[in-house]
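Two complexes come next, and they have one chain in common, subunit A, joined by subunit B in the first and subunit C in the second.
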Partner chain A sequence: MTPPVFPRKNPVLRTQRMNLPPMGRGRVAHGLTRAAAVGDHLELQVCEECGAVQYPPRDACGTCLSPELDWRKQSPCGELLSVATLHHSNHLYFRERLPWRIGVVRLDTGPTVIAFLTESVVPPRAAGGAERTRVQVLLRLDRAGQAVLVAQPIEELNMNLKDKLQMETGCSPRGRKILVTDGKTAVGQAIVHALLDAGADTVWVGFSEPWKRGEEIARLRDVPGVEAVALDLTDARSVAALGGELGGKVDIVVSNAEVHRTESISSRPGTDSARAEMEVNYFGLLRLAQAFGPALKGRAADGPGHAVAWVNLLSVFALSNLPSQGTFSASKAAAWSLSQGLRAEMLPHGIRVLNVFPGPIDDEWNQNVPPPKLSAGALAGAMVRALTDGVEDLYPGEVAQEWFARWKDNHKALERELVAGGL
Partner chain B sequence: MMPRRTGYEGVALVAPFTVPYERYSIRNAQWFAAQALRGLLKEARLDKSQVDGISLSSFLLRPDTVVGLTQQLGLSPRWMDDVPTGGASGVMALRRAARAVQCGDANIIACIGADTNHVESFRQGLANFSSFARDATYPYGAGGPNSMFALITDNYMRQFGATRADFGRIAVSQRANAALNPNAMLRKPMSLDDYLRARPIADPIHLLDCVMPCAGAEAFLVMREERAEALSLPHVKLRGAIERHNAYAEDPVMIRGGWLRDRDELYAQAGISPDRLDVIHTYDDYPVIVLMQFEGLGLCELGGGPEFVRENTLTHDGTVPHNTSGGQLSAGQAGAAGGFLGLTETMRQLLGTAGERQVKDARWGLASGFGIVNFDRCVCTGAVVLESAP
Partner chain C sequence: MTSGSLLQALAQALQTRTIRVIDLTQTLSPDFPTISLPPELGQAWPFRIEEISHYDERGPGQYWNNFSCSEHTGTHLDAPAHWISGRHLPHNTVDTLDVQQLLAPACVIDCSAAAAKDPDYLLSVEDILAFESKHGRIPAGAWLLMRTDWSKRSDAVAYQNFDETGQHTPGPGTDAVRFLVEERDVLGFGSEVIGTDAGQGYHLKPPYPCHSLMHGAGKLGLQCLTNLDLLPPTGALILTPPLKILKGSGSPLRVLALVETQR
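Our next item is the complex of A and B:
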């Protein structure tokens, strides 16, 4: 048996409380947060009149004073000019995690930024040396959910999973104990495997009606690291019982259970199927958050393998209602709204809430939706990648990406396009 | 043709006064400002009503400004100024006061830098020091100015071959000066070895590169020379003054400050070259900045700072008497009063009242300022040349 990634906790020791990184940001600076939240590459303000790239974020162009500053994707490449290693900090979060390496990076597009440096960044040589230290500057969310810049060597594709900055800005499943609320669907099964492939220590998999789906349980039963648990999200007692049992151990909750019916408002009289969707998609999430939220919040600094994230499987139809799946869309919109409330409660405790907004998944309920459809495996892979990168909102696949872009660009246009039919 | 910039003829500086420093104080900045004014009046044997102008610099006076002090202290000035530029505030307060007395907008102006220091006040000031600091530096380790100057120091060392020992020479000689200043906070002898062995704070900055925040005040009066003479007040003359903000913004890491841009005008106004200076007071919130001031103010070339400090002695009896009070590194940094420390000490040297640390026959003195780490460097720079009155 492989040893656990994180050492076992000494139960006698006090559980450390989470002290967050600095929360303060001006409204303009949240342009970085917007890009970091969806895992975009570096975005900076660019003057629409003179083209000057700006940093730090500001209210008018530092060159021509134009107020027309637009956030645009930037080359992340630059040169590292100087390095300092902080052995002292005025802020508890940093103080508890000293030392920190920071540096000055001159971006190829002009501005100079202060950024954290990964351990793999080598300081620049003495002046006059031919070697220059080229780095790429990434946008990441810190434990307070605020955007920060991290510089890593230009040739490095991904941050080392053991790098402190990766640990502090990402939510990798590696070594973690995870609850996946529904193992019976193809998506649930794929998520379990993707988490295990990413190094998860334990995955508890919920089954609402274990007697009904013996086949799916059987498929996971013999997988090392997996444990099936009874979990019925429509039953408050079932959720509370599991919360009592696992609450103190879970590092990541993946809320993937959903009821999906393909009904429009007029395709079916009455509210039974809509109620069933809400019962799981919205109330189920609420029950789950009440049962597991407090425990997660209390363990956000519980050793190196602390509690770290909450994942919600939503739908891109939460953004704008897909009329042919009107009631499902509405339940996902309700869950989306609740997830924002959950994030507001989790963020001050250092727990990331990742919302996943897929387009149509290639499953039985989307049988009549034309391709492209998202495979369960692709969804699970994207979710694990987003967790690792510490992203807050994930739009996996082409349909979701395009839907999100259309919605951002003109949500009224999207509404009208959906009246006309299609996706 | 544009008219030439008017000189500072006829402007006198009177009565340098220091409210003794304390490491921490439970008193308000207002208390230190009031005691500074009281001290000035006593030194100059003036009545409160004779002061018709007041200039104040303080970080911790909020929610008050200089306005609040008029009612608190029962003043009715016809001129006031609030100079929020920290390490550059002394030079800037003086420049503004000088013009006011030259024009007759005020007769006697009290220039005061005053701050308190509670246990938490330094830390609390950092997170929202500026919007750029809040958004773009504080979230990167919350090291405060230490971290920004560590980055500047690291770059300077690489660019110009400076070593820690070069910075150490500055700190060690200032400590020797401080031993002769009864008001200095840090007077225990310090060797270069002590300096080099100090623990890292924000590597390459170590403990003895950092100033010690404290409470206190520095103050002086500005008036016309005729008035000082009529009142039989010993004074020194303002001979030149410059300020410059956000200079060389194109340098990706700071390697020079605004002094370089305007120094020729400074010395032209004063009618001297830098080698005539008998005593120099730089703003020493980190030794690397002292080197940039030596370079920027023409004592050596850009990048020549390390060699300059290797070739000179910087104690009050050395080849380049520098920061004879001990500077902020050893006397302490009383908030915005730190921007006045070099001025009051230059005045003492030129008035011949510097006691044991008196520089012999000091006639020409320079005091420079440097303030406000808005983002990655201090933005405000300034310098003045003072001359003793015969």
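Our next item is the complex of A and C:
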């Protein structure tokens, strides 16, 4: 047996509470939040008049005072000019995490930014000389869900999972104890395997109605690190019972259970299948949040293996209703809205809520949907990467990416395009 | 005999326990399975229960729950209107059933040994005739209850007993159903499994013969019964009043048996 990644908790000591990093940001600074929520690509304002790249975010160009500033993706590359290491801070968050390294980086596009430095960044020996230290500057979300700049060596592909900044801005499954609410679907099984491959300590995997499709949960039973647990999100007592049993142990909740039917308003009389979708996709999430939310919030600073994240499997059809799957889309829109409420409750405690908005998944209910369809493995892989990077909104696969772009560009156009049918 | 003495005797027998009351009902629980159909079809809701309040901020002085389920969840009665063959019959829904028949004698045929060997066991006419040669003719208006001890399968997976060809649970064969309807004029058929028909009943002719023929003849169905092993082969009276649901096709119900104790 491999030793656990994180040391066992001393149960006689007080469970540490979360002290968050600084929360205050002006509205314009949330341009960084918007970019950081979907990935670590650097976005900064660019002046439409003179072309100057701006930092920090502002209302008028620092060079020509034009108010015409547009957020655009930027090259992350730059040169590290100086390094400072904090050994003292009156801010509780930093005080508990000292020493803290900060550097000044001159981006190749012009502005000079202040960024947190990973442990792998070597200080510059002679600024501007032959031995320049090249870094890449990433946008990440901190424990308060606010965008921060993190500099890492330019040749480093991924941040070291043990790096303090990775731990403070990402939610890697490594060493974590995780609940996956439905192990009976191909997506659920792929998520379980992806989490284990990423170093998860334990994956509790829920199953309902054990008399149906029992072989699918049996397949997971013998996988090391996996424990099958009875969980039916339509049954309040079942959810509450599991919450009581595991609530204080789960570090990441993956809410992937869903009912997916392919009905429009007029394709089926009555509300039974729509209700079944809502019962799991919306009310199930609500029951789960009530059962597991409080303990998760209370353990956000519970030692190095603290609780970190909540993942929701939503759908890109939550953004705009796909009429041929109208009731499913509506249930996912309801879940999306609730997930924002969940985020508002989790964020002040330092727990990340990751929403995943896939396009059509290659499953039995999308049998009649033409490709491209997202495979369960691709979805699970993207979800684990997004967790590791600390992303908040994931649009995995080309269909989801395209939908998100169309929706952002003109949501009314997308609505009209969907009237004509197709995706 | 003075007027009312029959009931007085019954009351006394109940008090002295010379007549015992046996509960033939499964507990309504969220874990109890419902009949499983292909997922694109309409589904019977399982039993679900959520608190209204529990002496808390939602109601400091009260404990009470909301619950939901289908008409065919848990131990339940099927009215003739449940099946298309019974759709035009008079008084075919639970609110209009003749209440006189809701307390009726029951004959219990023990198929537990056969069902233990063969989960797809079908009750035959020969089984019925063999029963009658020992216990006498099944009276008109009586329930025919098929004891299989299936209710002792407390694990829902074993109770449902699915494989890739569907469910494997015992029930009546087509000829037995026809015999009970046409030759014996029973009140209905009762079973311990999830439906009155066998798990593979879809493949019989007609499909689901117990539903099709019984309800077509205005007969009733009882399913998810338990404790049938506590009943004598004949002589028990069973009480089966469904909820009075407007145009209800069936109803969960408490099934009670009155049994004379041997002295």
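Note that the second predicted complex is superposed on the first by the 419 of 423 C-alpha atoms of A that agree within 3 Å, B and C clash if a C-alpha of one lies under 4 Å from a C-alpha of the other, contacts with A are read in each partner's own complex, and residues count from 1 in each chain.
One rule holds for everything that comes next: a residue touches a chain if its C-beta (ideal position, glycine included) is under 8 Å from a C-beta of that chain, and two chains touch if they have at least 3 such contacts.
Since we're looking at a predicted model, the values are computed, not measured.
Using the contact criterion defined above for the overlaid structures, shared-chain residue A:238 touches subunit C, although it does not reach subunit B.
In the superposed model, A:344 lies in contact with neither subunit B nor subunit C. In the superposition on chain A, A:22 makes contact with subunit B only, not with subunit C.
By the touch criterion defined above, A:94 lies against subunit B but remains apart from subunit C after alignment on the C-alpha atoms of chain A. Applying the stated contact rule after C-alpha superposition, one finds that A:212 touches subunit C and leaves subunit B untouched. With the contact threshold set out at the top, not one residue of subunit A is in contact with subunit B in one structure and with subunit C in the other. The touching residues of subunit A, counted against subunit C in their complex, run 209-212, 214, 232, 234-238, 261, 270, 272-273, 276.
For subunit B in complex with subunit A, the residues that touch the partner chain are 122-123, 126-128, 131-132, 134-144, 146-148, 150-155, 158-161, 199-205, 252-253, 375-376.
Across the interface of their complex, subunit A is touched by residues 30, 33, 36, 40, 42-43, 46, 48-51, 156-157, 159-162 of subunit C.
Taken in their complex, subunit A has these residues touching subunit B: 21-22, 24-26, 28-29, 55-57, 81-91, 94, 100, 102-104, 106, 112-116, 124-127, 142, 146, 148-149.
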